[in-house]
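Step one of this worksheet: look at the structure below.
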Amino acid sequence: MRKRTAALLAALAILLTGCWDMTGIEDTVYAASVAVDAAGDEYTWTFRLVQAEKLVLGMLAAVPGDPGRLASGFVSVRSPSLEQAVHMVQPSLGRILSLEHVRSVLLSEEVARKGVNPLLSQMLRNTQLRSGLSLQVVVGEATGPPLNSRPVADTNAIKYIESIRLVQKRFHMSPPVQLQHFYTRLMAPGADPIAPLVAVNTTARRPPGSEVPATEGRSFRAGELPRAGANPVETLGTGVFRGDRLAGLLTVDETQGLLALRGEMGKVYASVPDPHEPGTRVTLRFHQENKPAFRVAFAGGKPVVHVKLQFEGEVLSVPGGTDYTLPQNRRVLERETSDFLQQETFVPLFKRVYNEWGADPVGIGQLFRSRFPTLDAWLAFAWPEHVQDLGATVEVDLFIRRFGMLLGNPKFD
Amino acid sequence: MTRPRISPRQLWVVVLGSLLTTAFYTFPRAAAMATSTAAPWAILLSGGLGFLLFWPVVAKLARHPGKNLVDLAVIAGGRPLAIATALLLGGFFIGSAGISVRQVSEMVVTALYPHTPQTFAMTSLVAVGALGAAASPGGAIWVGSLFVWPMLFAIGVVCVGNLGWGQFRNVIPMSGHGLLPVALQLLPLTSYLDPLVYMAVFCRFIVTPRHLVRQAAYAVGIAVAAWAAVILLYQMVFPLPGGLDVQFPVFDMSRLVQGGRYLERIDALWVFSWTFGSASRLSIALLATALLFQDAFGLPDHRRAVLPLTTAILSFALFPSNQAGAVNFETYDLRQWGFVLVLGLPLAIAVLARIRQKKAWQPPETGGNLDA
Amino acid sequence: MYIHDLVPPSDLERLVLAPLAPGGLAGSPNDVARSGRFPAPLLTVVEEGVALRDGLLSGLTGVHIAGYPAALLIGGGRAPRLESSFSSDTEHNLRMLFRHLPDPGVNIRRVIGTGGVSCAVAFVESAARPEVVQAVTDWAGRMSAQEPRMPLWRAALGSVRLPPAVECTVPTTAAAALQKGYIFVAADHLVTPLLAPTTLELLLDGPHDAALPPAVRRLVLWPRLFAVAVGLLLAAFLIAVTAYHHSLVPGPFLVAIASSRQNAPFPIVLEMFIVAFIGDAAEAASMRIGKAQLALVPWIGVTLAVIGAMQVGILGPLTGFASVVAVVVRDTLPSRALGRTVRIWRYFFMAAAAALGMYGMTLLVFAALIYLGEERFFAHSVRFAPDSVAS
């Protein structure tokens, strides 16, 4: 019994000499996001630090919160690495800076075009950063969105950043990409990564109700939406990478086409020309009925792919007045819209992204893997060198199933 | 005092828990490196192969209650063979336990407490593990049998938390992709079945070991299925070739699991269950080695061997100069040829004992109590 | 049915059976009761054997009039209602035990403890192991009504170990336990009788588990284990999370905690210890109240919970939450001995969590399990029931 007691006490004594890493919550300041800009051979790191005492919490708030501003402060520092940046910020802070709750990393377009490999490896090696954080590409300077962000309904910076991903998943206007996904796509021999675009919309700085440019049927990227008021920062569109370098930017329609090719489209809204009333556009809600079906082959030594996409649609708005519930009209709409999507969205998308930029964001290269007997033979083929030779044919099938809450198209005289 | 008695279920649960925790730190990456094409299939096949290699040993012991591997070795080759068995097997257990301790302490210090001295993390873990081994065999085995459930639960939650439907295309199937390389690399994978040898050592405490073969099959079957699931999941979450760069494979997978409104990034909870597993596996490995030494060298009590063996474990843990060295040592040195010791040696002993079996079993020369 | 089947032989001489001639009490027992010759509160008519047995065991006098199926109980007010639980009277406890365990193999040994304390040790001969019985009997013989004087530190250290015997308040539990090989110990100075040796099964058994089917009993075990784990580890977990593993707390919640703690006077670790200590001190004080105020005990628990809820607003969400949950969990544990042990052990876990976070908690949990695997009371291991094959 004595020996047992002594043994247990000894075990306890070992435990009681610990406490090396204890840090209280009140002694820590949490970074919610990190923005990275290029600065010669180094980077400029901008940290958004959460100011907990400015959050409104019922009776307990020390200082009342300011609606429309996230309760956070900013600090920028120039250094070659993230850890060094943290150490350079520390002397000016009265608390321990923690990166454990960083929810997004914003890379400027310049940094993305130079190549993200050096950044990625240090972010993945870091023990505090989590691989589930959002990775975003900023059109312009990376500090623009954090410094100009004026959300309508949030004061908690961490919650605000999380809610951006919620909107991305619901509306599919930009892809919700995490660091983990970016890394695995980057390392995969037959695929390339993508990232959502963020930008500051200068038009949106105007007060609500001000005049804004016409849409003219264009598709927009982040920073281009014709709107006034509310948060000037918007997340819209996609940055496509070739390897670790940014190859090009996609608008929202192209983004949704890309997501459809990846099988991640969900439900999107689009306006297509009305086949019976030229000059007007029919608004449809598209839903991807099945995952895309790919057939890959080599033709004359070059890779070719045929992809079949199936959508189902819901007619939401017909300003022209045609009754598309009638079967003959509906079939025309289905056929014309399918052709429109094929010719105006998917074929140009393949040409631009694959043949011009040489990027493979869909991961078609993975499908060619089965053509090789071993992994080593597949790696030796070096798919990235053959991407620009890819020949693609697209087949689109649309089935219009729903028409909203009205049958027919009533005319009011 | 009477010899401690344990149930067959306790024993196979101990073996299962040890099998699971043995492979938790480097197995996904090591297996991926070993086969690089069809790791889940290789694991399933290696489990079957390992069981076939070990089955004659447990089958022989199952027919003779109260006997263990050392008794078989005495039959097969006399006292010198028994001593050699204890030294070789014990050396392997000590080595793999030492590397396991090193891995856990590296994970703790790298991922959770960067300012904590690593020797502190290592010695604290070894201290509690030694405490378990110094307990009576019955008590140590009871404690060891408790941790299979948290291990299975931890595997389950990691699988559920990281499952991405539609990512199966990241995992390369066997057919048409390196069937020969897969077949050639099965044998080293069987070295991960070394906890099976615990059955051959602890079976002395079972009242009727009639079902020993069945218990071994359960342990191997469940462990191999769990390993295959984890490898499959790992290749989905970290596809090759990028998956080979990850320091702590399953720990990194746990860092991706989002818990929800009340908990998130549950990696610290995984340290909880993995440290459990490591401490219990360490104490069971130490206990098995101590019992081997006790039987082979005729010591009156297994506890006399615990302190020197603990020192040996700490030395092995400090042997590699860095974490990468520890991983490479385990993958390319220890595990590449470990199957010769953990499966080949007991098989050879069982075969020799069958050839040389005398009409009546001679009682072992050790006279002491196992549970003083 | 014979009276011998209802009452143990040792108690027969204490009963009075008065067979009266038909002339003394004319008519059926109902007629006698309604005749008005005896004050109504003194007479009760019973028509069932169980009621007659209960009445006789509670000390009333039974009268059977030949030729009539019913009987009269004389001396009580209403139909006697025996207490369904044990008390501090040894003989009463033994009677309760026999009532629920009419096993002819039940043996009783009377032992005189230190200072003249009278103890009774009961066991089922076919189930209990002889060495355990002897050890328990020796231990009962060393029992004393006065607690031995010892330094506070030694008393504190001693309370870290599990007690050698567990309190038992319900006779059905005692009866079921005896059939499994446990030993029943009753003494006048004990508030309730004890069951020895302490095992994990006994600690986790609830008062009315004997009535449950075996499959349900096994199922019910898991929530209880969870309650034990929560009571033991919750405060330590919260300390570990707030001191070492901030990444575990969801971001918005973390910022809310940080916001509420801006002006906190103490570090959160110290607050947890203070709150735990205050709760335990209040509960220890409640143990000292007399029997008459025992009915207040549940209300004290409620009061503590309310105070804990108020602490949520004053000290912050975490410490208040921890204290409320700890009080609730402790009070719902099935065994008081387990509740006391959990209450003491959790301080060690809190210290381990404060020293090394989750890693420290893990190491100490492992050490605690080693202790549970090794502790033996009366030559029997804590981890197995006495009738288990393993040992």
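To keep things simple, chains are lettered A, B and C as they appear, and every chain counts its residues starting from 1.
In this section, contacts are C-beta pairs under 8 Å (C-beta built on N, C-alpha and C of every residue); 3 or more make two chains touch, one makes a residue touch a chain.
Bear in mind the structure is a predicted one, so any value in this text is a computation, not a measurement.
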item	value
Of A-B and A-C, pair with higher C-beta contact tally	A-C
Chain of greatest Cα-centre distance to chain C	A
Euclidean distance of C-alpha centroids - chain B vs chain C, Å	42
Distance from chain C to chain A - Cα centre to Cα centre, in angstrom	60
Interchain centroid distance [CA atoms averaged], chain A/chain B, Å	43
For chain C, residues contacting two or more additional chains	244, 247, 251, 356-357, 363, 367, 374
For chain A, residues contacting two or more additional chains	8, 11, 14-15, 17-18, 21, 100, 130
Sites on chain B at which at least two other chains make contact	112-113, 116, 124, 128, 131, 265
Partner chain C, residues of chain A touching it in the complex	4-5, 8, 11-12, 14-19, 21-26, 28, 30, 32, 50, 52-53, 55, 57, 60-62, 98, 100-101, 103, 128, 130, 156, 158-159, 162
Partner chain A, residues of chain B touching it in the complex	36-37, 110-117, 120, 123-124, 127-128, 131, 134, 166, 169-170, 172, 176-178, 181, 237-242, 252, 255-256, 258, 265
Residue ranges of chain C touching chain A (in the complex, touch as defined)	157, 242-244, 246-247, 251-252, 254-264, 267-269, 348, 351-352, 354-357, 360, 363-364, 367, 371, 374
Contacting residues of chain B [partner chain C, same complex]	2, 4-7, 10, 108, 112-113, 116, 121, 124-125, 128, 131-132, 135-136, 138-140, 142-143, 146, 207, 259-269, 271-272, 275-276, 279-280
Of chain A, residues touching chain B in the complex	7-8, 10-11, 14-15, 17-18, 20-21, 100, 127, 130-132, 180, 183-184, 186-189, 263, 291, 366, 369-370, 373-375, 379
